[in-house]
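Next up: the structures, one after another.
Shared between the two complexes below is subunit A, which pairs with subunit B and subunit C, respectively.
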Partner chain A sequence: MATTTSLKISADVEPRQAAWVRWLDLSDRSLAILLLAPAALLLALIIVYPVCRLAYTSFFSLSLTSGLPAEFAGLENYRLMIDDPVFWETTWNTVLITVITVPGALIVGLGLALMANLPFRTQWPVRLSLLIPWALPLSFAGLIFAWFFHSEYGVVNDVLNRVGLPGVIWFNSPNWAFAAICLTIIWKTSSFMALIILAGLQTIPRSLYEAADVDGAGRLRQFFEITLPLLKPSIVVALIFRTITSLQTFDIPYMMTGGGPGTSTATLAMYIHQNTVSFLDLGYGSALAVVMFALSMCVTAVYLRMIRTKE
Partner chain B sequence: MTTTTASGPGSFLSGKPLRAIAAIILLVNGMFPALWILFTSLKTEGELTAKPITWFPHAPTLQNYMQAFSDQPLHLFLFNSFMVALLSTVLTLLVSVLAAYALARLNLKHRGLILAAIIAVSTFPLVTLLVPLFEIMRTLNLLNTWTALVLPYTVLSLPVCTLMLVSFFEGIPRDLENAAMIDGCTRLGALFKVVVPLCAPGVFTAGILAFVNAWDEFLLALSFNSNPQLRTLPVGIQLYQGEFAFPWPVISAALVVGIVPVAVLIVIFQERVVSGLTAGGIKG
Partner chain C sequence: MNCNIRAAALACATIFSFAAPALADTELKIYISSQHQPNVWRKALDQYEAKTPGVKVTIETGGNTSEAQAQYLNTVMSAKDSSLDVLILDVIRPAQFAAAGWTSDVEGKDLSTYLPAYAEANTVGGKTVALPAFADAQFLYYRKDLLDKYGIQPPKSWDELKTAAKTITDGEKNPELQGLSFQGKAIEGAVCTFLLPYWSQGKALTNNGRLSFDHDAAVKSLALWKSFADDGVAKKNIAEVATDDTRKEFQAGNVVFAVNWSYAWAQSQGPESAVAGKVGVARLPAMTGGESATCLGGWEWGVSAFSAHQDEAKKLVAYLSSPEVSKFMAINASLLPTYADLYKDGDVTKAAPWFADALQVVETAKPRPVTPRYNEVSETIRTTVNAVLAGVSTPEEGASQIESRLKRILR
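Up next is the complex of A and B:
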């Protein structure tokens, strides 16, 4: 309502302007097109055209190492994929990482947020300790934790030894390596979760808790009946973004294990990267990417639907 | 009454000792990895391979830092990272200010549709475009240039920044712009002379997020810029690894050098970053 009236005012007033200035003062429609054009151009170059090209290339047999020209291969790349055990393994690893680290980061993040929401006299150290893990590059976190989990000089084994447990040679066994990767991802991503949840916590009116106190509800009951339900919207958004970024997991396993031992900790993103950059097999790399694209579009669709129902 | 308000809402922990425990857990969780890598970077090779391992460096040395700069062109990695992040931040802000203004102020017929499209793009897995982007950069002869990274990084941050700026612009009263236009400003003039300065904190926050996004990116930098002279920091750090040796103290020193610039940004602008992140920031 307010929009239309204020626009009318600006249209009614006819300021004295030089001709060229008036020419620059375009109509809303053409101005909108002009303002949105740079963004649209960039998206067309970096997203829309590549997506089309991706789908197209996935139907070709195109390997730069063979030196042969691209040859139409139909669904050959996809057929190869179904028979490729590494494809299934890396996809499984990616899904497993998502299923473990997304809820893991949520639980740790919720704990951190509840602690950070306590009435500390000085706020900045708390805030900073949530921001540092977020700002640390994923690849750095991978390297730092690779050093943490070092079998001989790592601090993790040192702590284990001090409490009387035997150290673990983390990166020699697929299961331990996988566990180390998941722990690192949870550490790296839980702070972001905590920041989002903390912002949600701070919007919950205190009067609700006071009323619950009057009614004699215990702290635990207040948490489950007031805090959690009111946090749900911010948690859901954070979870969806985490799920989508988790499907693209690359940096941390690449830095920590390089996918090893064997391909036991490799993710789909790492397999795409290997096929594209190391093997230069662009056709197969594209077909793999189409699968990941489909996976993440499913999650995005759920997200968009949720936003729409909220409105 | 006072006891209830003294403890934060939703917490079933309260009291001083619990608060102290919570503070220690938070600080250790957040700071320990960065501190540990700082300690490691100050240790000599000899101290590092001593068993049992030492926690604090006994004889702190800056030797590893000197070696980090002399073994590999660390200053170039820093420079490349900085320039790529800076250029993509500037480009992101420029493009998203224009787009956000159109979305916030002009009555667009398909506003809802465009916003939905932006949200969809914000969740877009750039990894999947590795092959076509690699081909495009190869065709345009852009492999091993800053441009090869600046363009995709801009797209990476564009949706978040646009969404953030739309909400900031909507908070500015239209009368201010109208007044400027009555005084003879064009719409675009009013945008850059009135709206952007009034939203400076918001624009700045968006800029920090874009900068951190670009500073952190690894996969595209690894795939497009393999020339040691053009590597960004995360990719360049890999060059310290020898065939068999893994010089942890030197790598730690390089990591500390890479963490400091972003840490400084975060320390100075922490409140702003938190508000930006929670307003619509997206990053795992």
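Up next is the complex of A and C:
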């Protein structure tokens, strides 16, 4: 779209078209299509085709372990899903992780961003420590925290014991295991939130605060009347990215608990992985993935609407 | 000028003299899991290279649990990747790999020389799909010194074991000392954890590929393990314990009784062990009124269907599953032989005296269900065992969960 408008503008300003365009006798519209074609083709190849193929496979009964060829099964995979308690449990866990960790990371991230935005003399140590959790691969974070929360060798229980509290066998109870995973995810993702919010903070002109000072508004009032409203666009962007990745949560619970105890901390993404990679049941795995895709699309649609009404 | 030409000629000659034999060599890549002592297999492969000119074998290692390896190989094989020629497979997997068309049949091999259980595990639909690498079964490891101190015989039943463990841990007054260590983490080993007491009650899980689930026996099995944790015989976080954790804790001297595979022997006698010379190995206990039962383990060599060197790979597999390699691995890596007569071999029993009694255990070990959908069966059982031990489900609920999910898988 951007290409067509800019071309139009240039056409208005510069009536003489390039020689090869005149030679080909292309209208602006066809030129735009021609220029967009490679990108569109690439996107079709790496995004549209796989997604369509996934939806197509989800209507087949296709399991590599059966040794049978793919067979059209209609909505059978989706029917199986409704009767599958593990599907419901993992979906519920995924939603719960999203509902807990996205606001959690937002609050922590906002705090971090405000701190990093304070007029320090040397800002690089603060900014660097903000970057490190974000730059760390997810599975490393999962492994590191699995050790932190280990019931015998972990630093968390050691600290608890030192302050006189009894240690917890974190991964032996669904609630504690869930809490440990959520804490880890918040630690890992709040720096991403903070980075986006920090960028937003720096676009707010200082003059607004100076004017507010003159008018006698207190710090808290300034935060709610100036900072927060002006940060809204950055917060929404951060929330969109965070919510979508949170619906796809895989690495951290996979490394920390493997979904245990039982299946009480398994997420939908882990269940998809298990069905496709471990069980080689590609039909059922595809159907599950279609559901996850639909879930992400719904959330994205809600957020996009939010942005549009803001504009 | 002259000098340059001579130098160039020399360079060419050098390159050719290196390149010519390299071109003739067949490079075989063999996949061995990292917990199976690839360094010892390397020595066996060196001997093969020495007597088979023109073949070079390189080892690729990966994954220290059976599930991790399966997951890796699933990815490689479903991509029809030709980089691996020979694969080591857990005894439960040849059926699955053959059904998926990932291994080539090994023709013209007489399997009757092997232990019957392995001849069976490697035959699918009358065809030989893999050859045995080594045998295995679960045993009861115990602290001979502590049992002698309290005048206790190795227990014959799980109830006796519980009493014996309590007597010893109460007497020792060492808070670090656990009575029993077994596998409660949701890993492949937990499938065997469930099956040991279940089988011991005379029940089978499947019959000719059909589910023959006995609900009461399953409840009793899960309740038995849960009671070890509740009564303080096993440690409270037993739901976190994997096979190698059991081995390490036993080796550190913190465990009286341990359920483990044969590999734990070599390391318990090694220089890093706190219990060298104090270890006894016996048959696993039985349920009161039942027979002792153990899980058949062991690993197999399969030839990748996508290998570009089928003949060479099959020859290598034939060598690796030969009596001479089986004996070499028994002596150097304490891997149980797949040939009955090697258990009586003087060199073998010198390295691991208890191997002499192990034959009978391996011969009576029971195989886990043979089905192409084994991964799903396994996942169902191990997550349920884990959930029961963590107190998420009761033994009653656990048994019902296993039953309803297995019904769907093995319908």
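Definition applied: the second predicted complex is superposed on the first by the 259 of 311 C-alpha atoms of A that agree within 3 Å, B and C clash if a C-alpha of one lies under 4 Å from a C-alpha of the other, contacts with A are read in each partner's own complex, and residues count from 1 in each chain.
The rule is short, and it goes like this: contacts are C-beta pairs under 8 Å (C-beta built on N, C-alpha and C of every residue); 3 or more make two chains touch, one makes a residue touch a chain.
What you see is a predicted model; the values in this text were computed from it and never measured.
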{"item": "Comparison of subunit B and subunit C by subunit A residues contacted", "value": "B"}
{"item": "Touched partner set for A:G259, first subunit B, second subunit C, both or neither", "value": "second"}
{"item": "First, second, both or neither for A:S151, with subunit B first and subunit C second", "value": "second"}
{"item": "First, second, both or neither for A:S66, with subunit B first and subunit C second", "value": "second"}
{"item": "Contacts of A:Y303 with subunit B and subunit C, given as first, second, both or neither", "value": "first"}
{"item": "First, second, both or neither for A:I169, with subunit B first and subunit C second", "value": "second"}
{"item": "First, second, both or neither for A:W134, with subunit B first and subunit C second", "value": "first"}
{"item": "Contacts of A:V277 with subunit B and subunit C, given as first, second, both or neither", "value": "both"}
{"item": "Touching partner for A:L43 - first (subunit B), second (subunit C), both, neither", "value": "first"}
{"item": "Touching both subunit B and subunit C, residues of subunit A", "value": "152, 277"}
{"item": "Complex contacts: residues of subunit A adjacent to subunit B", "value": "2-4, 6-7, 9-10, 13, 15-17, 21, 24-26, 28-29, 31-32, 35-36, 38-39, 42-43, 45-47, 49-51, 53-54, 57, 112, 114-120, 124-141, 143-145, 147-148, 150, 152-153, 155, 158, 161, 187-189, 191-192, 195-196, 198-199, 201-202, 204-206, 208-210, 213, 218-220, 222-223, 226-227, 231, 240-242, 244-248, 250-251, 254, 269, 272-273, 276-277, 282, 285-286, 289-290, 292-293, 296, 299-300, 303-304, 307-308"}
{"item": "Subunit C residues touching subunit A - in the complex, by the definition given at the top", "value": "67, 70-71, 74-75, 78, 96, 99-101, 185-186, 236-237, 239-240, 372-373, 375-376, 379, 383-384, 386-387, 389-393"}
{"item": "Of all residues in subunit B, those that touch subunit A in their complex", "value": "1, 4-14, 18-19, 22-23, 25-27, 29-31, 33-34, 36-37, 40, 48-49, 51-53, 55, 94-96, 98-99, 101-102, 106-108, 114, 116, 119-121, 123-136, 151-152, 154-155, 158, 162, 174-175, 178, 181-184, 186-188, 212, 215-216, 218-219, 222-223, 233-234, 237, 248, 251-252, 255, 258-259, 262-263, 265-267, 270-271, 273-274, 277-278, 282-284"}
{"item": "Residues on subunit A engaged by subunit C in the complex (per definition of touch)", "value": "63-67, 151-152, 169, 171-174, 258-264, 274, 277-281"}
